[in-house]
Every structure is written in C-alpha cells, then in structure tokens.
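In the two assemblies presented below, chain A is common to both, partnered first by chain B and then by chain C.
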Partner chain A sequence: MTVDLPPAPAQLDTPARPRRIPPAVLLIAPSIVFMALLLGWPVIQGVLQAFRSDDGFTLEFVTRMVQDPYFWPAVRNTLLLIAVMIPLQFAFAITMALLLRSNPRLDKVHFFVWAIPLALSDLAAGLVWLSIFNDRGYLNSVLASLGIDTIPWLAYDNPTTLFLCVLVAEVWRSTSLVLVIVVSGLQGIPKDYDEAAQVFGAGFWQRLRHVTLPLLKPSLQVALILRTILAFQTFAVAQALTGQNFPLVVGETYRWYTGLQNPNVAAALALVILVASMLISIFYLRALRDKGQEGTR
Partner chain B sequence: MTTTRIVDTPPARPAVDEAPLKRQRRNRALLQAACILISLFMLVPIYLISLAALSTRESLNEFPLSLLPTNLSFETLRAFLGSTGIIGAFGNSLIVGLGTLLISALIGVPAGYALARFAFPAKEPYQLFLLFTRALPIVVLSVPLARLFLTVDLYDTTYAVILLHTALALPTTILISASVFLSVPIDVEEAARVFGCTPAGAFLKVVLPMALPGLAAASIFTFVMSWNEVLGASILTLDHRTLPAQVLTSLSDSPLAYRFAGGFALVIPSIIFIAFMRRYLTNMWGSTIR
Partner chain C sequence: MADITISHLVKTYPGGTERATDDVSLDIKDGDFTVLLGPSGCGKTTLLRMLAGLELPDGGSVAVGGRDVTYLPPNKRNMSMVFQSYAVFPHRKVRYNIGFGLAMAKKPKEEIDRKVEWAADLLQLGPYLDRLPAQLSGGQRQRVAVARAIVMDADVLLMDEPLSNLDALLRLNFRSELKKIVKDLGTTTVYVTHDQSEALSLGDRVAVMRKGRIAQLGDPLDVYDAPADRFVGGFIGSPPMNFINAAVSGDGDVLLVGDQRLRAPSLLRSFSSADVVLGVRAENVAVDTQRSSGDVPGTVLVVEPMGSSILLTVEVEGQTIKVQAPPTFRTTPDSRIWLTFSPNSMRFYDSETAMALVAR
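And then the complex of A and B:
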C-alpha cells in the first residue's frame, strides 16, 4: 500500500504537460491549414474535374485521354525512361560516391562540380543538351571533323536516338540528387565496418555487396522514392530537346491544358501521374518495411 | 624456433613483393582519372552551352561548329535579354522566389521547431502527412489551382505562383528546419530559460542565431526550387511568367540562338546557388532522411 504512494507526487507534476501541447499545436497549425488549402483541396478538385461534367459523373474525359494517339506512347515512354534511367543513375551515383569516399585529390572541387546539376531545372538541362544533340550541334560537329557521318539525333523518325538523348540529359541532370543523398548516407557509416571486412579478407565487391550497400539501404530507399516520383514528372527536357516527338505523360498534361485548352482531360492525365506516384511510394515503403527497416531508424 | 624465423626473414626482404604497392598506385591513378572523367562529363555541356550563348548568330550557323571560343560576342545574349518579356520574367522569377522563401519560412520554421522540440499527440501522422505531400506531383496541383485562382482573381499574378511554390516547398522546409533545430542543443535553450528568458525570448535570442546558417541554406534551397519550377508557373500565368515559363512557352517559335541564350541564363544562377550551398548540401539532404 505504501509502495503506491510515490506515484502521487509525480501526478502532481503532470498538469504541466497538457499545457505544453498548445504551443506545439499553435506552431504547426498554420502549416496544416496552408497545406490543406493548397495541397488537399486541389487534389479533391482535380478528381472532380476529371470525372464530373455539367450533368454529373462522366467517363468522357478519361475516354478522350485514352483515345488520344499520343497517350499510350507517352505512357510507354515515361515507363521506359524510368525503367532505364533509375538503375543507371543509381549505379552511377553509387560509383561517384565511392570515388569521393576514397579521398581523391581535389575531392571538394569534384563534389562541387558533380552537385551543380542539383540546382538545374529540367528545362535548362534540355536546352544545354540541345546545343549538343541538334543536327548542327556540337556532337555532330565533332563527328564531322573526325570524318564520321553525322547522325540526326533528334529526328522524329529515330525513336532510339531520341530516347538516348533524353536519357543522357536526364541522367546528367538528376544523378546529383541521388549522389548527394548517397554521400550523406555514406558519411553516417563508420569506415571501421569496411576495414574490418577488409581485415577478414573480403574483396572490393564482397565489401560493397555485404557491408556498404546494406548499411546504405535507408539512404538508397529515400533516394529511390524521391527520384522515381520526380522521374514521373520529367517533361521539360523532352519538350526542349524534341518538342512533341517524344511525348511524356506530364508533357501531355501541359499540351492538353495550354495547347488544347481542355483542363478536364489535363486533370485526368494528372491523376494518372498521381496514382502512379502513390503506387510506387507504397510499393517502396512496403519493400522497405519487409526488410526490417525498423532497426536502422 | 625464434632464431630460425629471424634468420628466415632477411633473405625474404629483398624479394619483397611490390605488386600490391604497384597495384595500389595504379588504382589511385585510375580513381583520379575516373573522377576527372566524371567532372568533364558534368562540365563540358555547361561549357558548350556557354560557348553557344556567347557566339554570334553567324558562327552558330557554321558547320562544323568550333569547340574553342574563337568568336565570342554578347550579341546573342543581348538579343535574348532584349526580346519581349525576358527582363520582366527575370523580375517575376525573383519576386516569386523571394515570396516563396518568405512565406514558407514564416509557416515552415515554426512547424519545424515544434517538430524538433515538442512531443504532441499527432506527431507521427503529421510526419507521414509531410512525407506524403512531398510525393504530390506538381501537375496534380496546378490544373485545379488554375481554376481556383481564376475564381478568386489571382490567376496570372505572381501571388498565384508564390502560393503554389510555397505549397510545394513547405514540407521540405519543415523537415529541414526541424533537423536544423535538432542540431541546436536543447541545453542552451534551457539555460536561457533558467536565466529568465521567456520561451519566445529564448528562441529569438539563443536558438535562432545558432540555427540561422542552416535555415539560410534551407531558404536558398527553397528559392532554387521556385526558380527552377517550370510546369506550374506556365500553367498559372499568361503575362506574368517566370523566366523558365517564359522560355518554355516561346520554345517552339524561337531560333536556336534564343534557346541557347535562355539555357545559359538558366544555368548560370544554379552554379552560383550551389556555390553558396555546397557546405550544407549533404547535411540538408542527409537530414531529410527521416
């Protein structure tokens, strides 16, 4: 009985706690209101816009979207771009991060240079590579002065080179985001693990596969989610490089909205992106949880 | 036993296997070469767009193009800057960027502080909500917002773009400023309280000055995001376009020289931004991993 007494003074202290909640709520309330108004509300409106006409629910806009000759090529291009670009740029970014980790000379300069595209818009990247890939651009100039036949990289009847050009420009621009996330993840891993594995005779690939990559997993997952969602939104690169010749889903939204003046179909297209992004995020988060992610955080 | 070992080693010494050392040296050299190659891959396109933007129109029409700066002139750039709407678009970009920075800091920094310092009931859902909003594509917001802004007479104003960009930047601002505040030890704040500061005073006089560099980096980050955003800005405006939106909408009917000059005008600020932010790059992105 007397043992139950000590909790009593502690309970006297607790009334101070409920009072601590109001400042936190006051501090976060504006952000919640703002985001509800400018993020939540438009999403609901977007769904309504895509499925509602003057006389109630309709699938008219979705049908028009699907029947548009550019729709399926746009979907295919977007998926193809993501499927090729993401693995490529992750391999590239991990290589770059490991190179930086080995303390090369001028590593600060290299990191700065590799991070520059982080602040570049995809429109800028498209224009930069346009100067290289256009018919009379720098790449063809080099080819011509070497005596090799020039190639019409951006010709509409050359889908392979079109894809390659967009791919190179996007990898060039967006790998730095992955790089910075991976570098900061590597900074959080003590070198001891790697050295211990080395002492026990593990080769470079073994250490990468069994020590570094598993420890990097949280960073890689964040990078993967961010990059995939951003990759769905790729658009201005293709617009700057190819005009309409390499349709992407977001580019189609832009075309329906500005060119064809049809916000409803544009909203339906936007929903395609939204659903795809959601599914990808959920998929990654699932995959993340299955592998016992709780331990690292 | 021991003596035999000692006797054994001296003859081995001259025959020291130098292969690992050589291999290590060769590996170092290869590493350096790989770094330089990647840097070239990053820099050469920037060099080429600068070259294209700084060449005369005539020299751009030559083929093959010269890869060396033989014919530098500001004619193309001047023509680009002189074309209609570009100077105004620069101004609009600045206004939108600064406005976004300001509003998202005003709303986001307090929320970040709350996230870092207080335990509140809905903290976990709130953080999940933030993560979720980062996944919202810009297109999904832009099209319905355009209609909303039309009804409230905000369409085609810089305010509309500021609001959109703030909504996009806010989750990141909150998460980054939360991690900045986490890095300020709570002890100094408590010390200030002990010596008689009010909570607000402790925040303003002690915590804020210590958090300021990190918050400044986060603001530049917000500004860059707004400066680069193309799609939303071009959907929400007609006459008050930001620079990327202006360049995008005039793409199809403009000569190559104009596009190169536009690309150059978009590239140069980003180099400056990264130069300012480079110390914070990994901290900021590392901190968003939560």
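And then the complex of A and C:
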C-alpha cells in the first residue's frame, strides 16, 4: 500500500512550512486570556492570601478559621441546607416542568410566573421573606387573625424554624433556575419516546423512571452542578433573614472580611468553598456518566 | 377476540384547516391483516394514532373487541406499534428496547430473554443486541422497532411503514417474513404503507385512503382489478392505470375513442351518449404489428425494456397511454402498432365525478 504512494512531496514540504499555531488554539486564545486575567489571577491571589504571612508560608489563618466557634456550625448548616434543598428543588422543578409539558391552558403565563424569582436579586428575596417571617410579619399576622398562637420564626434559640425559613426562601428563590433548565431539556426530547412507552403499556411512573428521566439526564446534570455550586454560596437570603443566627460558610467569609477585617481568613474560607465546589462537580460528572455509552468510549 | 370497529372518525389537528381524517369508518375482523394505503399526508398515521390512543378524535368512536376504547389511554389498550419515526429509546441497548413492553408488563426475565432472542433472530438483529441505537444503521433501527412490536402479546398490532427504510432486497425478504410472522401470531394487524406493491402482497384487505377518506376498501385483487375511482386506479399499479377519454354512442353499443369504434360492453347500455373515461391496465392491452379486426392504431413514442416485459408509451387518438408488451416484441419509436383492449378488463369512469360506473 504505502509503496505506491509518492512520499516525496510531503517530505519536501514539511521542513519548508513555517511552524504555525493550530487554529483551535487561536480560537480559544481570547477566552483563555480572559479567564486567566479575571479568574486565574484572583484565584492565585486568594490562595496566596490564605497561606502567606509576612514571613512566608503559614497555616495560621487556616487554624484560626477552623478554631472559630462559628466555623463548624457554618459548615454543618451549609451541608444540611444543600442536602435538603437540592432534592426538594429538583422534585419541584421536575413536577412543574412535567405539568407544563402537558400543555395546560396559559402554559406560557405559568412558565413566566414560575421563572420570576430568577430575575430577583437574592438580597431582595431575603428582604421579602423577612417581611413574611419576622415576628410581626405577614405569616404571623395571618396566624393571629386565625386565632392561632404566633411563632417567633426567626428567634435565635429556635434553630429548626430558622433552618425552615432559610430553606423555604431559598427554594422559592432558586428553583426557577432548575425549572428553566429542565423545561428546555424536556423540550429537546421528541414526544415519540414517551408515546412509544405509553403504547407499550408503561404507566406514568414507569415512563418517568425508564424514559423521561434517563433522557433528561444531561439537563439534570447541568442543573445539579449549577445548583449545588450556587447552594454552597447561599448567603444574602440567610443573612437578611437570620443575620448571625444561622451561619453559612459564605456568610462567615463575609464576616471575616468586613466585620473582623481579616482578609486572610476570609480567603481561606473562600478556598474551602472552591474546593468543595470542584469536588462536587467531579463527583456529579462521574456519578451521572452515561453507563450505556461507556462501552463505546 | 380483537375485531376493530372504527366509526365516523373525524380529526382536525389544532391549527389545521383540513380534516386529517374525514369521517372514516372501517370494520376489521379478528386476525385480519388490513393495509392502509395512500399518498403522503392522506391521514394514515393520524388514523393509526387514534387507534393507538395517541390522538383523540374530534368525533366518532373506536371499539376493539366490542369495547369502546375511543378515550382510553394508550397504555390500557394492549396494542403494540411500530412508529414511523421508530421511536427506539436512544439511551438503552437494543436488547432492552426489544423487551421494553414485556418488562413494563413485569413478565419473568426468562420469558423476556427468550422472546427477545426469538425476535432478534427473525429480524437478523442477533449481532446488535448489545449495541445502542445510535450505533445502528437506519434500517437496523427500524427492525428493532419491528422486533419490539412483535414480541408483545398484543390484541392489535399497528405498523406505520415498518419496512420503509430497508433496501429493496431486504424489504422483499422481510415482506414475506412479516406476512408469515403475523399469520403465526394471529394478531389483528393494521399496516400503513404508501408502497402499493407492499399493500397488495401483504394485505387480506386494502383500504386506499385519499385526503382523509377511504376511497376504496376491498381485497387486494379487487382493488387492483376494479378501482372504485380514477384516483385508486392511478395510485395503484406500476405503471398506473391508463385513462382514455371516450364517448358512448347513441344506442349504447359502440364506444368511441376519437375516430375509433370499439364494441361497448353491456354495462354501457344505460349510459348511451355519455362521455366516459375508459380505464385499462397496461398489461391488459395486447399489441401487434399487424392489423386485425377491432384493433386501434397507435404510434409508439417511447420503448422501455424492463426485463420481464417491454413498456411502451403509445399515442392513441391524441392521448398517451402505457402498454406492456411481451419481451419478445420488437418495435421502435415512431412506428405504428395495433392495440386490442380486452373487453373484460375495461373499466369505465364517470368523466365528471371520476367514480366507477355501475350498471343502472
């Protein structure tokens, strides 16, 4: 085979041709520069800030962070919030998306109403919910007018209701992001598959489990990664509702930076969030990898 | 028992102006193989989807085995279907796809495995059982869809152009294979196609559809031999039926084609002095280079050897028709030949309504 090919031209050409940068590199170059300046540099700065003092490398700030009495409660609260909120949000978003798919009357209106929280700043959302949950807020007014004892929802010594308030507010505020992603994912799945499953006798739950959810997996994966990373950064809503009473990791970062004027410990806390976000993304990408396609790769 | 009674089904799609099915009524006996045949867009898939329950009719009803199923959800109808778009689940292997219906019905695993092997064997899918649909060719994917449908022990088998994506040879093989499988299963089958040879060869009965209506329902030979109107005659057969404008003489004895006079069959007695359209199939016209009595002269325009026969395009009295000559027949364009129409194979249509004439 190779004998028949004239090798000469190729050999002559190669040395003469100037070494060129592959077009792919040129194409991604702007975004690499952009990322390096706007993301890479601050990350390096952050790492340095967390581990460097006047006399070189130090673990002093990390130790201070860990020994702070608010640190572990903040970590615990953040994880608890994520563990409860994410499944709730996905259940809500998938249910809502399936409802929208059945083409109810005014489905566009429903969708826009459900997507409104997406447009709201998280601090504003926190303040809205504060007006509902505070001691003389709307919720307690309603309870009082019904003759039920009011509850100090946001009292510092009532961690359960504190948690519930933050949870409700966060679910309300951020489920719309999942909804938008799931709705667009559902729209990308041809109706045939669901119809075929119906004809072959699959009931609603069977179709959901064997057809809809597996086909929706790419969208769910994106939504999961986005939402979990964003959930690690939950801050403004909890801050507005509870102040210091329900510490979260980002809230602590903020407190160290502004309240305690210690950017080094704040940087260490920020690194905790960075590492956690990275780990969780890797975990999701691996856990949700398409099993069916593994064989082909 | 799974006889199907379709009565007065009307469906207009939302936003559509024309009826996709227009007052369709059809009775299908238990175990019958019925073919819906018609040009693209005539409402075949729509009718099938209403049978499956995937589309709700605006009016009319569907009953299966005496039970009204018009508004029953699809999963309660015990039907199986080959989709025109295959709808093979892209995220699961071929094996799972074929066994899907059985798995949903919670059949024991051995039974599923056995039936999947059986179907894969029949449809020559054995080597592909552990592949994903994306790794199959279009025709293989279509066969997966067929396999998925035949493993089901359904009351009714619905097939929407299940062989459309196979090459000519494979299609011919599977056509007879499918006929055998369905006969063995004994399932009532509704089969959609726009391929007329498929319809004629497979069906116990053929329903020819046009613009949402059933133009003719009958057994394949009837539909071929005696089309109920010009549309059916023109749609079925390759080449399609020839239509020649003619007139009946005043006494009803003579058929006038241009200046030529043919003996009129007795049917035409009651249509004296009427303008009619003579329909005749290409293979029912005899050709000769010599004149004999009752012959009509024609001029050859095109000669197309087809192997088993020669297809001639002939001009007769200013009208063009197709004629099938034996392969030994020798002629050249522009030469004069003589045509004989055999009286028994002549069909007559009203020149205005295009409907077949029946003796009055």
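We adopt the following convention: the second predicted complex is superposed on the first by the 260 of 297 C-alpha atoms of A that agree within 3 Å, B and C clash if a C-alpha of one lies under 4 Å from a C-alpha of the other, contacts with A are read in each partner's own complex, and residues count from 1 in each chain.
Definition applied: contacts are C-beta pairs under 8 Å (C-beta built on N, C-alpha and C of every residue); 3 or more make two chains touch, one makes a residue touch a chain.
Small disclaimer: the values here were computed from a predicted structure and weren't measured.
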* So, A:V183: does it touch chain B (first), chain C (second), both, or neither? -> first
* Considering only touches as defined above, state whether A:V43 meets chain B (first), chain C (second), both or neither. => first
* Asked: Given the touch rule stated above, what does A:V66 touch, chain B (first), chain C (second), both, or neither?
  -> neither
* Structure fact -> Across chain A, the partner (chain B or chain C) reaching more residues is B
* Once the structures are superposed on A, label A:A236 by its partner contacts, choosing first (chain B), second (chain C), both or neither. => first
* To do: May I ask you to decide whether A:S145 touches chain B, chain C, both, or neither, giving the answer as first, second, both or neither?
  => first
* Have a look at where A:A197 lands relative to chain B and chain C in the superposition and call it first, second, both or neither. => second
* To do: Answer with first, second, both or neither: which of chain B and chain C does A:P214 touch in the superposed model?
  => second
* Given the touch rule stated above, what does A:L130 touch, chain B (first), chain C (second), both, or neither? -> first
* Asked: Of the two partner chains, chain B (first) and chain C (second), which one does A:S121 touch, if any: first, second, both, or neither?
  -> first
* **List of chain C residues in touch with chain A within their complex** => 52-54, 73-75, 77-81, 83, 85-87, 89-93, 100-101, 104-105, 130, 132, 135, 148, 152, 158
* Structure fact -> In their shared complex, chain A is touched by residues of chain B numbered 31-32, 34-35, 38-39, 41-43, 45-46, 48-49, 52, 61, 63-67, 107-108, 110-111, 113-115, 117-121, 126, 129, 132-148, 163-164, 166-167, 170-171, 174, 199, 224, 227-231, 234-235, 244, 247-249, 251-252, 256, 259-260, 262-263, 266-267, 269-271, 273-275, 277-278, 281-283, 285-286, 288-290
* To do: Spell out the part of chain A that touches chain C in their complex, as residue ranges.
  => 190, 192-193, 195-203, 206, 210-211, 214-215, 217, 290, 292-293, 295-296
* Hey, which residues of chain A end up touching chain B in the complex? -> 20-21, 23-25, 27-28, 30-32, 34-35, 38-39, 41-43, 45-46, 49, 95-96, 99-100, 102, 104-107, 109-124, 126-132, 134, 136-138, 140-142, 144-145, 172, 177, 180-181, 183-185, 187-188, 218-219, 222, 225-226, 229, 232-233, 235-236, 239-240, 243, 250, 253-254, 257-258, 263, 266-267, 269-271, 273-274, 277-278, 281, 297
